[in-house]
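Chain IDs A, B and C follow the sequence of writing; residue 1 opens each chain.
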Amino acid sequence: MSGELHVTLRQDAPIPLEAQIDCAPGEMLALMGPSGSGKSTILRAIAGTYRAREGLVRVGGETWFSSAEATNLPPHRRAAGIVFQSYALFPHMTALGNVMAAMGHMPTEQRAPRAAEILGQVRLSGLEDRRPAELSGGQQQRVAVARALAREPRVLLLDEPFSAVDRATRHRLYREIADLRRALKMPMILVTHDLDEAVTLADRITVLHKGQTLQTGTPEEITTKPNSEAVARLVDVRNLYQGQILGRDQDTGRTLIDWNGLQIEADATAADDTGEVTWVIPDGFVVLHRRDRPSRGEHENPVPGIVENVLAIGQTAHVTLRPDHAPELPVQFSVPLHVARRNGLERGVRATVSLLSHGLHLLHQS
Amino acid sequence: MDWTALILSMQLAGVTVAVLLPIGIALGRWLAVRDFRAKPLVEALVALPLVLPPTVFGYYLLVAFGAASPLGQIWEQVFGQTLVFSFEGLVLASILFNLPFAVQPIQRGFEAIAPEIREAAACSGMAPLTALRRVELPLAWPGILTAMVLSFAHTLGEFGIVLMVGGSIPGETRTVAISIYDKVQSFDDSGAAQMSALLLVISLVTIALTFAFSRRIGRRLG
Amino acid sequence: MTFARLIAFALAFWAATLPRIAAAESPVVAAAASVQFALVEIAQAFEAETGETVRLTFGASGNLARQIRQGAPYDLFLSADESFVLTLAEEGRLRDQGVLYAQGRIGALVPRGSDLKPDGTLEDLRAALQDGRLGRFAIANPEHAPYGQRAREALIHAGLWEAIEPHLVIGENIAQAAQFAVSGNADGGIVSYSLAVAPDVAARSEFALIPADWHEPLGQRMALTKRAGPVAEAFYAYLQSPAARAIFDDYGLALSHGEG
C-alpha cells in the first residue's frame, strides 16, 4: 500500500510551524487557514522549494525530507505536481511547450503526443500553440493543472488555484477539478482560505492557524464539531458560548447546561459532569419557530428573544437574535429569505428559536 | 582611416563580451536571486567602475598587474610578455571596467522573473542547469542582450583606461578611440573625422538595433 | 535557440582574435611626440628599402619612459630629452646609453589670423600680456614633456612665467600643445621646431625660433631596449644613416644648429 503522503513539520523561526498532515492516495485534503497561516509554506516544504528546520515528508515508501536522516531531495527530484496561485506558466512557451517542459522523465519522441493528450484531458485541445498571454484565466489554470499532471506526480499540490479567476469561471473550474480528481490516484492537497471551496472540493479539511494544524476532519466534522475556539472562528461558527455543566438527565442521557440562567440540553457527553464548558451551535442547528405551523424540534432548547438584525445575502437571510435571558450573547442563524418574509422577521420583532440538542457541540471544560 | 585600430577595437569588444557573458550571468543571477548581508557591498563593488575615473582604475591596474607587481611578474614568466601594454591586459581591464554594464542589466533581467516561475521550473522536474537554460535565460534574454550591447559599445568607446594601461601600440593596444586621439595630435583632421563618424554610426546602429529587438521580445512575452 | 546562436556568435569572436595573438609582431618604436612627422617619413623610407615594418607610438617622453619602467613592450625609445634615456640605461632597462639623434629647438608658434605676432624674443607676447590681447597660450606639460620644460625655462628667462601662468593651456605632450595652438583654440604657444616645419602645421601657422641659450640644451637621445630584435637593430642603424639624417634635418631635428 504505497502512495500515502505523510508530513510533519516543526520549527520556531522564521515562520513558526507545527504541522501534521496525512493524505491518502486519491484523497483530496484541503489545507485551510487565513492568509499568513503558513499554508503555502507547508506546500513548498512538500514540493521542496522550502526547507523546514525539522520534520519529515514521505510519499509512499519514499522519503523526500527528513531532518532526522539529513535527507532533503531537491524539488526537481521530488515527483510533486504543483499548481501555483499565479499559475507561473512559462510565458515564452506555448501551452503544449509548458506541458512538455514537465516531461523530462519521458523519451523525447513521446512527449508531444502525451502532452497533447493531457491537454485534451483538461479540455484544451486546439489551443496547444497558444502562449499563456493568449489564454484566458481559466484556460491558463487548466494549462497549469496539465503541466502539474505531466510530471506523473506522486502528489498533486494546488496552491489557491482558483483565486485569480472570476466567480463564474471559478464555479466552472470547481466542477472540472471535481471531475478530474476522480481519475487521479495520488494524494491531493488543496490550499485555500475559502471555507466554501474546501467544503465543496475536499474529502477532508485540515485547519491551519499560525503555522499550526489545529484539526483535521471531514467538512461536516470541521464545520459542526470544531475542537477549539480558534477552529470555530476559522470555520465561521459564531455561536460560541460559555456554560456551566449541571449534570446528566437520567432519562434521556443528555448533558444539562446552565447558559446564563437558561437551562439547555446537549446530546453530546461532557468529559466531566460539573464545571465550566465552552460550547458551540452551528447556525444550521438553530431552528426558527414559525408562526404558521409548528417546526420540527420546537420543544428542544427554545430561546425567545428580539431580532437585532436581518441581512439578506442572495436568497438567504442571516438573522441576529438577542435572547431575552442574555441580550449580550446574540445567536446567529439563517433561514431562506422567503421564510424570513413570511414570518415577518425584521429588526425589533419578537422571535423564538430552538437550539437542536444534537447540533450542540461541547468544546472543552475547565 | 586606421582599419587596424578599428579591427582591434572590435576584437577587444568581442572578446570582452565573450568573457563577460558567463561571468555576468553567474554574478547577475546570484545577485538577483540570493539575499545575504554583504550583498550591498558586492553590488557596490560591481557598480564602482560607473563612478570611478578610468585613471584611478587604470592606476590600480598598473599597480596590480604592472611589471613590478607579483601578479605581473607571474604573468610575464608564464606568457613571456607583460600584461600591461598588451592586448590581454586591455581585455582584463575592459572586463573589470565593463562589469556594471554587463552585470546590472542581467541582474535586472533575472529579477524580473517571478520567484514562482523559478519554483515552477524546479517543480516541473528541471535540474538547476536545465531550468537556467530552458526557462531563466530565455526570460532574462532582453537583459542579457542589453548587457552584451552595452559592454560591446562601451568597450569600443573606452579611452581613459586604455590610455593608462595600454599605451598606443598599433595592432596591440591602439584602439579606435586612441587612434582618433593620436590623429588629432598629428594634425590628421580628416582621419579623425572619418573614424569619429564611423564610431558614432556603429554605436548608434548597435544600440538602436538592441532597442528594436528587445521591444520585439517584450511583445512576444506579452 | 536564440541562446545557442548567441554562444556561436561569442565563439566566432573568440576565433577571430586568435590569429592576432598568434601573429609574429614587428618591433614597436616609442618616440617623443616632437619627432612624429620625421619618424613616420623615415619609417616609410626604411620599409621601402628593407621590406621590414616597424610600429610607431608617440607620446610625452616622460610617459613613455614610465611605461618602459612598467614593462611596456617597446624595442626602441626615441626620447626628446636624453635624461630619460640615461636614467633608464642606468636602471638597466636599455641595451646601452644609445646615441644623440638631434638637438631640439623651441619657438613661438601662432596660428594664422592670431592677434599675436610670431616673435622669437617673446617681446610681442610681453606686450600682449600687458595690453590684454592674450587669451590662451599653449605649452606641453613641463612635468613630463621635455619641450614643456624648455618652454618654461624660456618663459622664465624672459621674465614672463608668473604673468603668463594664468593663461596657459597644458598639452599632454608637445604635439597636443601644438594642436591647441595650430587649431586656434589657443592664441599661440611654444612648440618644437620639428612640429612647426611639418607641412600640415606650417600651412596653418607662423613660427619663430627662440634663442637656444634661453634654455638648457635639449639633447634628443635614442636607445634600444633589452628586448630589441634584429629588425629593431636594423631600424636603429637606419636612423643613424645619412638618408635618415637628411629627413631629421628637414624637420628641424639637426644634431647641431647654426644660430638663426
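Heads up, the rule we're going with is that a contact is a pair of C-beta atoms (placed from the backbone, for glycine too) under 8 Å apart; a residue touches a chain by one contact, two chains touch by 3 or more.
Keep in mind the model is a prediction, meaning the values are calculated, not measured.
When chain centres are defined as mean Cα coordinates, A lies farthest from subunit C. Relative to the centroid of all protein Cα atoms, the closest per-chain Cα centroid is that of B. Per-pair tallies of C-beta contacts place B-C first. Distance between chain centres (mean CA atoms), subunit B to subunit C: 33 Å.
One simple way to say how far apart two chains are is to compare their mean CA positions; for subunit A and subunit C this gives 87 Å.
Averaged Cα coordinates give subunit A a centre that lies 54 Å from the centre of subunit B. Those residues of subunit B in touch with two or more other chains are numbered 138. On subunit B, the positions that touch subunit C within their shared complex are 8, 11, 14-15, 17-18, 21, 62, 66-68, 72, 76, 81-82, 84-88, 133, 137-138, 141, 144, 148, 167-172, 174, 182, 184-188.
Here subunit C touches subunit B in the complex through residues 2-3, 6, 10-11, 13-14, 16-17, 20-21, 25, 28, 30, 33, 36-37, 55-59, 67, 69-73, 173, 175-176, 178-179, 182, 198, 200-201, going by the rule given at the top. Across the complex, subunit B meets subunit A through its residues 114, 116-117, 119-128, 130-131, 134-135, 138-139, 220-222. Residues of subunit A touching subunit B in their complex: 44, 47-49, 74-76, 78-82, 84-86, 88-92, 101-105, 131-134, 147-148, 150-151.
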